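To start, the structure under review is shown below, and the notes come after it.
Naming follows writing order (A, B, C, D, E, F, G and H), and every chain is counted from residue 1.
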Amino acid sequence: VSDFNLDLARFARTGLEEAVFCAGKSLQHMVQILEAAAARNISLLLTRLSMDHHEELAKSWPDRLDYDTVSRSAYFGRPHSPAQEPAEIAVVAAGTSDLAVSREAVRTLRYYGIPTLEINDVGVAGLWRLMDRIEEIRRMSVVIAVAGMDAALPTVVGGLVPGAVIGVPTSVGYGVAHGGQTALNAMLASCAAGMTVVNIDNGFGAACAAMRILRARSGLTKA
Amino acid sequence: VSDFNLDLARFARTGLEEAVFCAGKSLQHMVQILEAAAARNISLLLTRLSMDHHEELAKSWPDRLDYDTVSRSAYFGRPHSPAQEPAEIAVVAAGTSDLAVSREAVRTLRYYGIPTLEINDVGVAGLWRLMDRIEEIRRMSVVIAVAGMDAALPTVVGGLVPGAVIGVPTSVGYGVAHGGQTALNAMLASCAAGMTVVNIDNGFGAACAAMRILRARSGLTKA
Amino acid sequence: VSDFNLDLARFARTGLEEAVFCAGKSLQHMVQILEAAAARNISLLLTRLSMDHHEELAKSWPDRLDYDTVSRSAYFGRPHSPAQEPAEIAVVAAGTSDLAVSREAVRTLRYYGIPTLEINDVGVAGLWRLMDRIEEIRRMSVVIAVAGMDAALPTVVGGLVPGAVIGVPTSVGYGVAHGGQTALNAMLASCAAGMTVVNIDNGFGAACAAMRILRARSGLTKA
Amino acid sequence: VSDFNLDLARFARTGLEEAVFCAGKSLQHMVQILEAAAARNISLLLTRLSMDHHEELAKSWPDRLDYDTVSRSAYFGRPHSPAQEPAEIAVVAAGTSDLAVSREAVRTLRYYGIPTLEINDVGVAGLWRLMDRIEEIRRMSVVIAVAGMDAALPTVVGGLVPGAVIGVPTSVGYGVAHGGQTALNAMLASCAAGMTVVNIDNGFGAACAAMRILRARSGLTKA
Amino acid sequence: VSDFNLDLARFARTGLEEAVFCAGKSLQHMVQILEAAAARNISLLLTRLSMDHHEELAKSWPDRLDYDTVSRSAYFGRPHSPAQEPAEIAVVAAGTSDLAVSREAVRTLRYYGIPTLEINDVGVAGLWRLMDRIEEIRRMSVVIAVAGMDAALPTVVGGLVPGAVIGVPTSVGYGVAHGGQTALNAMLASCAAGMTVVNIDNGFGAACAAMRILRARSGLTKA
Amino acid sequence: VSDFNLDLARFARTGLEEAVFCAGKSLQHMVQILEAAAARNISLLLTRLSMDHHEELAKSWPDRLDYDTVSRSAYFGRPHSPAQEPAEIAVVAAGTSDLAVSREAVRTLRYYGIPTLEINDVGVAGLWRLMDRIEEIRRMSVVIAVAGMDAALPTVVGGLVPGAVIGVPTSVGYGVAHGGQTALNAMLASCAAGMTVVNIDNGFGAACAAMRILRARSGLTKA
Amino acid sequence: VSDFNLDLARFARTGLEEAVFCAGKSLQHMVQILEAAAARNISLLLTRLSMDHHEELAKSWPDRLDYDTVSRSAYFGRPHSPAQEPAEIAVVAAGTSDLAVSREAVRTLRYYGIPTLEINDVGVAGLWRLMDRIEEIRRMSVVIAVAGMDAALPTVVGGLVPGAVIGVPTSVGYGVAHGGQTALNAMLASCAAGMTVVNIDNGFGAACAAMRILRARSGLTKA
Amino acid sequence: VSDFNLDLARFARTGLEEAVFCAGKSLQHMVQILEAAAARNISLLLTRLSMDHHEELAKSWPDRLDYDTVSRSAYFGRPHSPAQEPAEIAVVAAGTSDLAVSREAVRTLRYYGIPTLEINDVGVAGLWRLMDRIEEIRRMSVVIAVAGMDAALPTVVGGLVPGAVIGVPTSVGYGVAHGGQTALNAMLASCAAGMTVVNIDNGFGAACAAMRILRARSGLTKA
């Protein structure tokens, strides 16, 4: 019995490199994964990679790791070439403390070459900040709205935008913020109809959901 | 030992009629209270009085009970004369389902003769509804903001209004609304600084808090 | 101040009839809404309309209400004409007890004239039931997966389907099902990347989210 | 896209220096904020600033930071001149363990030049301690009552004081104290009518709420 | 196998009549129990006996049931003769809504012939009510303090009384009262050292605990 | 305003040295307390004193601190002389992991000179261990039963012992043990009538409750 | 699309009649199921069948329904012939209030013809009741232990019995019993190693688990 | 009174070496246990032994400790000789992050000499991985299914396998995974009838439960 049974063959089969969720994986485990990927010339998106682990891995692969300290994500190898189209997806964050999560979504989309509009610090406690950008946001097919604490941003956005809206609650806050549970519940209970939600801090999942929507658009699902 | 020990003497002593929270009190108990108040010629504000109990009580006191079916509150006897001043307190409700709670606040304030501005159905999922009234609201000393579900209204209000803002979460909603707990937590975690909050569905308490603020204003507290 | 401030003008303005969430609204209130809509010749989708209220309303409008007892939804007036296209949206339910919720999604989509594939009773505790239909499901742009209790269906579907997947937890179950909270959490924690979720029992919201995705597809959001 | 989009212009515009919530912000981020403020000659109130970060920042700005270890708050630049009036606001703390929170309220009020009466260690398990000071407290327009564990202090205060009472639950305690949730719930469920509450440990928010009340008093909100 | 296996023999063996918790027991079951007790000439204390069940049972045993509507408890047969001693146990209730619970404690103690001091409506939001009676309360060996909502009464009592203090949280209240959980947690987290607590609404249990303490006193435990 | 307002005068007044709960207090604070106590020649019981803080304090007062590593409690100065009587209080612990809590109770009782029977490792999953000691335990006036996880010990003890039983839930366990909440709830829901409970891990509180019971016994409460 | 898609063919295919969970199913739905089963000459086990529904169904099938009021379960058609072997499974219940659940387990096992030992009212607050029967219980291969409130019974049983032990928490109790959640958690946290647990009130599930164990025994799983 | 009262005699008496749960035990305590076991020539299974403690213990007993870093378990002395039979128990894990728990189950079974089939990384979000191994799994008498997050694996396994199925939820995941509570609830609410569950991360307990089932099989329980 092997401890780890990474389905690297599947990467090749689907034409889609796998993302590796690094939290909770030992350094030794990470080294094995990168070695296997390098041996097969496969690129990887690494999420929740700690600074310490990154530093250790960067010693062995100094040129292959593109690490972002805000989102703690890394590209191993070459990400996809960016598509030459205007952005259809916006990632909108309420506060600077939400950046770790919103940036994970942005980095995931960019890894797959998808043009993305990034707008930060537009929480609705200072409503004019959102209003200055709302026309731009309204033109998007998908809006990923990232917010912690009371998470009022997605409700306001959901009422102003016609396309798909994906809420991402963040664990920002203290006390009754309950590690993001309040933001999550507020988004799910939102009176803005048709908003959907992902797990707390799951910027990666929101980006995947946005890509599923684009895939639905492209008609490829019927091929 | 008497079962019930209503401090009707206190009513006289403080010059302030007591409000009676009727939920959970038996009809027999309510009758005893009204009889005692009537005997002493004292007026009362009755909150959470069920329609069934009201119907029974109205048989004995057909002319002394002014009942409101939306808030399930009643005035027994004569409420205070309305002060001849412009309103300094606004009660703002997000949706029509929140009316039972916001109306309780309005009825409490009116019982004590306090001019009140009532604005309904201005939830921020349709932001223009709030924006149409915001200048009026901004001029108030105290804004009571009533909302259920995701309770985004008080956050937006709190960011636009300079005076005191009291949030009242309501038990409106289902699933993750958790009987108002989500609205309560969202208000407490709000990034609009300086907003305070009362218990779920506690329109009466919010009105009392607003009256404490007016009392602070009047300088009477130093007398 | 009017108690109810229905924005019927908005219905006309946006070309989109409003859905009315009937739970918690009094019969008197419902009558006012239908009268206002009838006077303006506007159609409505009514969700969570109790059998009792429906019976009363049907006395006044015997020919205008199309009521469905499973989902407790009604069409008031004329729903949209069905589009003449193959279905792009599937609504997939795990068990017969989930039908109240999945049917609400189906009825909402049909109200707006959107062709929908409905598949029931394919919970993964009897995996072959899902496998018999999986090719059909895979061809859809959007899959709404409805399940209560342990909610394993959406995870399995999410791993087999390339398009958008919207999970709807239901309050079916007892004990640790916690009124749908366990199903909700299981969906949000799902290891099938890119699935999004709506509130417990919110079939209407899932249908709205699916329509937002179609709207994103159509490019209308950029007009 | 810039990571951080501090609205320093707004400081100037509103004549109100912004408070910066430092918890969760990186040292690098804090340095950028202070540099921007220093360049514009703006003063700041820093809350939840860790001792480690303060030590680092004090190396660059040895003369501009006035740090308080109990509340972990700092004044950067010059706080407002104290108003020459008797205190209208009291900050009352139940136990010495609540000092970190009550002192944050006091420091916030003092930053804005507002005279404040500070009373510590008057929890009601030793009732005489509160009774010794109650006359003084009763004369205030606003009382901020800070308590953890069972949070009985604000209820007793609320029953004895005519002005506004703002409860601040603290995360002091263990076991069923549940990080302040029990204190919060006890305050919200209090039978002392008209008390309002802020988030757990939110001394800053309570001070802001008190200032909103003073602002309501001053009539400035109608200008 | 018999469905019910009442240990009536044990009643005789221990010289202690058993209390029967009637909630959730069918009428048929209750009839069987009373018949068995009557046949053996055994007296019983019945707690949580609904009015409906009492009415039915009273038809068969009109002279043997002494029912109290406030506590929903009944004596079947003859309770113990009251001891001719001054009361050593006080049952103190915060509000009239707590009477159902405090009276259950009183009725249990009286069933066993134990002199009891009953004091109602002395919640600490009106502190003078408690202070008027505190000297009387201080002389007791055991104080049972009954309170719902924020449950501040037992903390204040615990700080003023030298003997044993048993807190009984009640399910009185709404919203964050959480059916008595907040009162329970507040009592357990109380800063008044040495107070103990029983389950929500468990007046019977508190009386039993008080009797265990008296039994400890009497030295009988060493016989 | 002084930060710390230790009521050392009260120590003298009541003839009862105060216990100091050290968790969350800074070293500097602890030094101030011990200096004040030493200056007045007062002894103290210190609970939840960390090993690190003890080491530091022991440098200044090498001969006055009697520290116990299991319970993390210390006697500062001279504890009371042990009473020359047989033990009336037993402290019974379910497992060796519960020792930190049960020993805190034992140490508290010994500080006040009260003879105590200590019995460890008698959890009911190995029932014979309890049965070997049950006769000894039955003779006590008060039994403090300490258990974590499922906390079945106090229920079994409560059914076998006639005197007062105080349950102390511990935070021992993982997963559904929920930091002692499960043990606490199990004790409160116990079908052994008349058991009372204190906060999770609160060995000190249980000892205080036992001393209140002894005080009730002694008749001193009537003096 | 049919609303209900009962897999009656599967009944025939597997040789195993399906159990139907009736809670939440409409009467109309139940009639359809019984008609379909009757048409195919299939027997059914019906669980959670309300008395009202049973009465209605019994009108159409007076001779085919064997209903048990305690467990609210019914046999439709012929249950399996009882196996002529000594019982290997015991169902042990703590209190008479747990009978609804334990009897569901017994009735399920009897439907499938499996000899079962049923023992009631042996909760460990009266330990001798269990001890009188323990030798009998110890001889079983599988013990299903049913208990609510503090659920101490399964822990004691688990420590005395060598075979498989399945705990079934019940929703019996009030306050902190939390509808069976406390009993469930206590069982899962039990220090009796190797006990497993099913959902609250799930007597049917426990019986199925016991049958899976017997199936494992029989070696049939390897055929 | 001794602090620790290890029942090493019981090891000898029952012929069954005891497993020691090391989490929360001090190094000093662990040394005492191993010394006592070594002196009596008894072998031990150590679970939850931290790497640090293992390193320290290995200094004294370099040859007697067989430590596994994944499960953090150790064999002290000689484990049982492996039985020469085909495996009847499978331990199936959903993801590589669940290995710490599934390996604890495997190591426990191997300590007692029981042949075990170990299958890793077959979560149902990639359903083909399970389907590749399902025939092998179906032949087992007992399947231990280990999964975190949404825990869909055991439901799918339970629907495909005729023997006993024991679910082990793991604390893997973040946000709504709630430290394994969501996985636990999903397993307990599973619609796959007859699955039982153990505490979060309790691989040891699941192995013990499997051994109880084998013991039931062997007929030894009747000896």
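Methods note: a residue touches a chain if its C-beta (ideal position, glycine included) is under 8 Å from a C-beta of that chain, and two chains touch if they have at least 3 such contacts.
Model, not experiment: these values are computed from the prediction.
Participant: Show me the overlap between the contact partners of chain C and those of chain F.
Facilitator: G, H
Participant: For the pairs G-H and E-G, output the one whose chains share more C-beta pairs in contact.
Facilitator: Top pair by contacting C-beta pairs is G-H.
Participant: What's the distance between the Cα centroids of chain B and chain E, rounded to whole Å?
Facilitator: So the centroids are 36 Å from each other.
Participant: Nearest whole angstrom, what separates the Cα centre of chain C from the Cα centre of chain H?
Facilitator: Computed value for the inter-centroid distance: 44 Å.
Participant: Taking each residue of chain G in turn, which ones touch at least two of the other chains?
Facilitator: 126, 175-177, 184, 188-189, 193, 199
Participant: Could you please write down every pair of chains that are in touch?
Facilitator: A-B, A-C, A-D, A-H, B-C, B-D, B-E, C-G, C-H, D-E, D-F, E-F, E-G, F-G, F-H, G-H
Participant: Along chain E, where are the residues that touch chain D in the complex?
Facilitator: 94-95, 123-127, 149-152, 155-156, 158-160, 173, 175-178, 182-193
Participant: Once bound in the complex, which stretches of chain D touch chain A?
Facilitator: That would be residues 1-5, 7, 10, 23-25, 29, 171, 179-181, 184, 199-202 of chain D.
Participant: If you look only at chain A, which of its residues touch chain D in the complex?
Facilitator: Per the touch definition, chain A meets chain D at residues 70, 96-97, 99, 118-121, 126, 129, 172, 174-177.
Participant: Inside the complex, what are the residues of chain B that reach chain D?
Facilitator: Residues 19, 88, 138-142, 162-166, 184, 188-189, 193-199, 204-206, 208-209, 211-213, 215-217, 220-222 of chain B touch chain D in their complex.
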